[in-house]
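By written order: A, B, C and D. Residues from 1 in each chain.
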Amino acid sequence: MIVDKKTAQKMLAKMMLIRRFEERAAAAYRDGHICGFCHLYIGQEAVVVGAQESFKSGDAVITSYRDHAHMLSCDMTPRGIMAELFGKKSGYSKGKGGSMHMFSIERGFFGGHGIVGAQVPLGTGLALALKMQKKDNIAFTYFGDGACAQGQVYESFNMANLYDLPVLYIIENNGYAMGTAARRHSGDKALYERAHAFDIESCQMDGMDVLKVQEVIAESAEYVRSKKRPFLIEAQTYRYVGHSVSDPGNYMPKEEKQQYKDNDPIGKLSSYMLENGLSSEEEIKAMDNDAKASAKDAYVFAENDDLVSEDELMTDIMEDQNV
Amino acid sequence: MSKMITVRDALNEAMREELQLDEKVFLIGEEVAEYNGAYKISKGLLDEFGPERIIDTPISEMGFAGMAVGASFLGQRPIVEFMSFNFSMQAIDQVINSAAKTRYMSGGQIACPIVFRGPNGSAARVGAQHSQCYASWYAHCPGLHVLAPYSPADAKGLLKAAIRSNDPIIFLEHELLYGLQGEVHGPEHCEPFKAVVEKEGTDITITAFSFVLGKALEAAKILEEKGINAEVINMRVLRPFDIESLTQSVMKTNHLLCVEEGWPVASMASEQAMLVMEHCFDYLDAPVARLCGVDVPLPYAVNLETLSLPQVDDIVQAAEKVLGKK
Amino acid sequence: MSKMITVRDALNEAMREELQLDEKVFLIGEEVAEYNGAYKISKGLLDEFGPERIIDTPISEMGFAGMAVGASFLGQRPIVEFMSFNFSMQAIDQVINSAAKTRYMSGGQIACPIVFRGPNGSAARVGAQHSQCYASWYAHCPGLHVLAPYSPADAKGLLKAAIRSNDPIIFLEHELLYGLQGEVHGPEHCEPFKAVVEKEGTDITITAFSFVLGKALEAAKILEEKGINAEVINMRVLRPFDIESLTQSVMKTNHLLCVEEGWPVASMASEQAMLVMEHCFDYLDAPVARLCGVDVPLPYAVNLETLSLPQVDDIVQAAEKVLGKK
Amino acid sequence: MIVDKKTAQKMLAKMMLIRRFEERAAAAYRDGHICGFCHLYIGQEAVVVGAQESFKSGDAVITSYRDHAHMLSCDMTPRGIMAELFGKKSGYSKGKGGSMHMFSIERGFFGGHGIVGAQVPLGTGLALALKMQKKDNIAFTYFGDGACAQGQVYESFNMANLYDLPVLYIIENNGYAMGTAARRHSGDKALYERAHAFDIESCQMDGMDVLKVQEVIAESAEYVRSKKRPFLIEAQTYRYVGHSVSDPGNYMPKEEKQQYKDNDPIGKLSSYMLENGLSSEEEIKAMDNDAKASAKDAYVFAENDDLVSEDELMTDIMEDQNV
């Protein structure tokens, strides 16, 4: 596990940005600026941030509705994301999509999908396109432990194996699908083993330790890129908050939650950096202040942004309105 | 009727009573047991009936819908909760091909006594993938009953009848109605699978079902003030469609406006235009009109969302237009 | 036009020409490659374009439909063959939620240039699970074009246009039309997404699409002998519906009969009744009528199957009835 | 492998009946009496016949469209099945269902399903009902190698494991899904191993040897019955004919087909019985003549049977036409 100062700082800053952004989003929800669903990533930051180090230009990322962090990891702007959460015109989807439906072709982010599991065939298809286009790129396809109960996931594994597709499947096992603990929806066997049934190699990793994540994903992304074969990683992680902003998450035992919090990815990397002289207390504090400032800036921007024009109601449905 | 309760509690009561009456009834779906339902419709049922009859599932719509249909072939009486009818698209092959068609394909031998229920249509700002109305899709298909309750009395009485039916039933609830208050009947009462005239009137018939019925009733009040006496029908039974209630009313008012939350093309409104053609064309003093959800995937932005769905004022204006007053 | 070929060959030619023109186009589905297609629509394409572009899949409709949609997000142009549109029910969440809605949900950023094609509706005696018509379901949903070709010229010209379109397209073929002969255009020609008047007439408009259009044309001949001059419209574009062609004709003939193979409730016929209400009600001399498939899961028995689907005589009689001659 | 004379004769007779019935069905198709799809089981007889010995009253059987043999194994009558194939009124579905859609509650047969894979959740649900009804029964759920590519199969496995359902899954791996060889749709790993990913025990067996089948299924059915747990068997078998009557099956290599024919289940059991003195040549010949006679009788019966009355068009759609 070797990580240079720059990388460590970059990862810490991104994790802080995600954390502060999500906290702001929660506040904006309480303030009535955000409505409907709003799924926060607090506690899981190490997964996407560890992965982002393996992202190369031209790669594709796709995930579920719990997507703000993935967008930030693709360097999409906090302003654009927050404006979308507010349903405003500078949002990534002009306010038409909302929290669960944002995209950025420029940044390689292909959503944001509200139907559990649906992004898995889609991500497999992104990999198919990359293969057809003879690119040296791969498709990062994220999904939850709950999504592992979707049959389309196994249909995808089978095809990724048959067609040798460059897709990196990342299960974000945060222990719960809404209120259902993983063992109640998937039994006792580890999820990563399911890949083997379809001849796909896989492994499990501690998803709370960004340095570990970064290392494991670097290796597996390299495997996918060079071997042109699928690979699956199960990240064991945790969300400190409920499923969506409106869920109090009472089903999560206090001690369990505390265990994970004691293992907080941001705290852990901070300590590591301090211990190894990669940053001072002040630097870390300053980074966090930057994160807070960005999140606040996004909030203010979104608040002041306009609603999309009513003329836009019927645009963007189809390209050929009349052929 | 006596008690005032919410639609949420009415649905809960209907299930509880039927679970008590018939041990073959069981409830299955995501989060229905330990979480008491994503929208708390099944609150307390796990405690009362235990995990053998109130069954939490993984997120496997096609699988658990098919499994429930299979259980019904052997005489069990499943109630399948889709957390949202949007997710029923994943299971729709099992709903149509395995549930709706099997009685016929078996020459009447196999019954499939099953209820598929859950919120349908829009909620508040949940975006395009969570807001579709499936009324006209299901109503299109023989072998099903399709119900869309509005009030607590509808909800309780129709759900009880649905659970007792030996046919597959699509039971379309609406998230924005779960908190609506109203009176309900006692444990014996089932509602007939018929429409209900919610407000009598003479000038124009307004049909609506589910959430937008409330808007139609509000619109009728405004129309009243404007001297227009609208008859409002709660089209809570979409298949088999209650043609008689529709035609009787149109023969009286000679005008029809169909209000619907879902998309316009090949909708329940379209169907009603055809039914009027078939049954009471000569009674029309003006063409049948529809006011449907706008033909667009439901946007998230508050202003666009409001524009996309039939609002009270839109209904008032549409009614006036039918009557040549605008 | 010059060559006489079958619908089967017309579809094959359309795909071949577009595969040649644009290397982003590929074909994917069950048995499309080595087997040359369950109905031989893709005959020879594997040989010409190789396994990277003509891709056999496992029986994983939801998976491969979703995979194709994903590939289209990155600019590929998939043609997805459903061996039958009945199996598209398994994939319908990906078709509607991922393909049809994404352009809108992304504020116009993500295009989904994809064609879903395959036989739709009845074939000969294949029973209820293999005979459903999905026209009205797909036509209900914004974000799609829905096409239903009849002739080889339709098939070729519309499929080429569909493949070139940047929108998701539902392309409903019909097994019983694959052998139909007719002339087709050369490689440059695309058909516009508009209806076609197949036979001009003055007394009544008969609309139909796909297989039953042939029956409508036969019926028109018989009607001719009876002194009734029917106009027959090939409603090959179901979404966006070609309202202009419909209304122009009805304004001329003042009578409308909608023929459709699918079930009646919330059908394309229902939609046309509503469109007439909206656009040319005053021109009607009689109520719009529909002749649809009977409201029943399609039976296997030959006598019942025949009774279930619109036959030439039924059309003749229905037209006469509209005209008050029966 | 111990099998008494009576059992051996019963199994041989049933395999012969299936073979002769299917041959008659093929002839009836050529004669224009049967239309649409007609999927024959010729070559695969050992699977259902080996299984029938473990069937107990109250058990449930469900399968795909390739279902004539399964019905015969449930002792449904050749006449009733053939009449349905002809679309006649004495058919099990009054002619409304056809080849792919027949049922007999009395005989425990729950279809006959035309959508690949759909019978797997349905069969899992039969098992759920049996469990709820506290019966000592199990659900035999058959599906093809091609059906293993359906996601709903894995959704079912997962639930059968979670809920401890008494379901015996039997993959009839006849090497092909229509024209697609198993390795082209499912890769190189054996199908039975996929059960392990969902914590279900499983095994593979030679599906051409009815004695072996009978033994393996007896054991696994007993496991399901006593442990109240799912189990999966992959039977390796072969269809000598095309996918449906209209498919010439040119994709099946001649030598491959010959190998299986050399291993024919009927021939093999016949030889065993002769060698072990369980039947004489004449007895076996007589059994085959009986099978032929039954099949012919079914044909003649169906030919002479009436079409269902036209009044029946709109019956059997729903029970409550008006509530």
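Note that a residue touches a chain if its C-beta (ideal position, glycine included) is under 8 Å from a C-beta of that chain, and two chains touch if they have at least 3 such contacts.
Computed from a predicted structure; not experimentally measured.
Set against one another, A-B and B-D show the most C-beta pairs in contact at B-D. Comparing the centres of all chains, each the average of its CA atoms, the largest separation from subunit C belongs to A. Here the spacing of subunit A and subunit B, counted between their Cα centres, is 36 Å. Centre-to-centre separation of subunit B and subunit C, using mean CA positions: 30 Å. Subunit A and subunit D have CA centres that are 46 Å apart.
Separation between the centroids of subunit B and subunit D, computed from CA atoms only, is 40 Å.
Counting only residues that touch two or more partner chains, subunit C has 57-58, 60, 62-63, 86, 90, 93, 97, 104-105, 127-129, 142-143, 295-297, 299.
Taken residue by residue, subunit D touches two or more other chains at 93-97, 101, 113-115, 149-152, 155, 158, 162, 184-186, 317, whereas all remaining positions touch fewer. Residues 62, 86, 89-90, 92-93, 96-97, 100-101, 104-105, 127-129, 132, 136-137, 139-143, 239, 241, 262-271, 273-274, 276-278, 281, 286-290, 295-297, 299 of subunit C are the ones touching subunit B in the complex.
The touching residues of subunit D, when paired with subunit A in their complex, are 149-155, 158, 161-162, 184-189, 193-194, 196-199.
Against subunit A, the residues of subunit B that register as touching in their complex are 30-31, 34-35, 38, 56-60, 62-63, 86-87, 90, 123-130, 294-297, 299-304, 307-308.
Interface of subunit B with subunit D (complex): residues 24, 26, 52, 55, 57-58, 60, 62-76, 93-94, 97-98, 102-111, 142-145, 161, 165-167, 190, 192-193, 240.
By the touch criterion given at the top, residues 60, 62, 91-97, 101-105, 110-111, 113-115, 118, 120-130, 132-133, 151-152, 155-156, 158-159, 162-163, 315-323 of subunit D touch subunit B in their complex.
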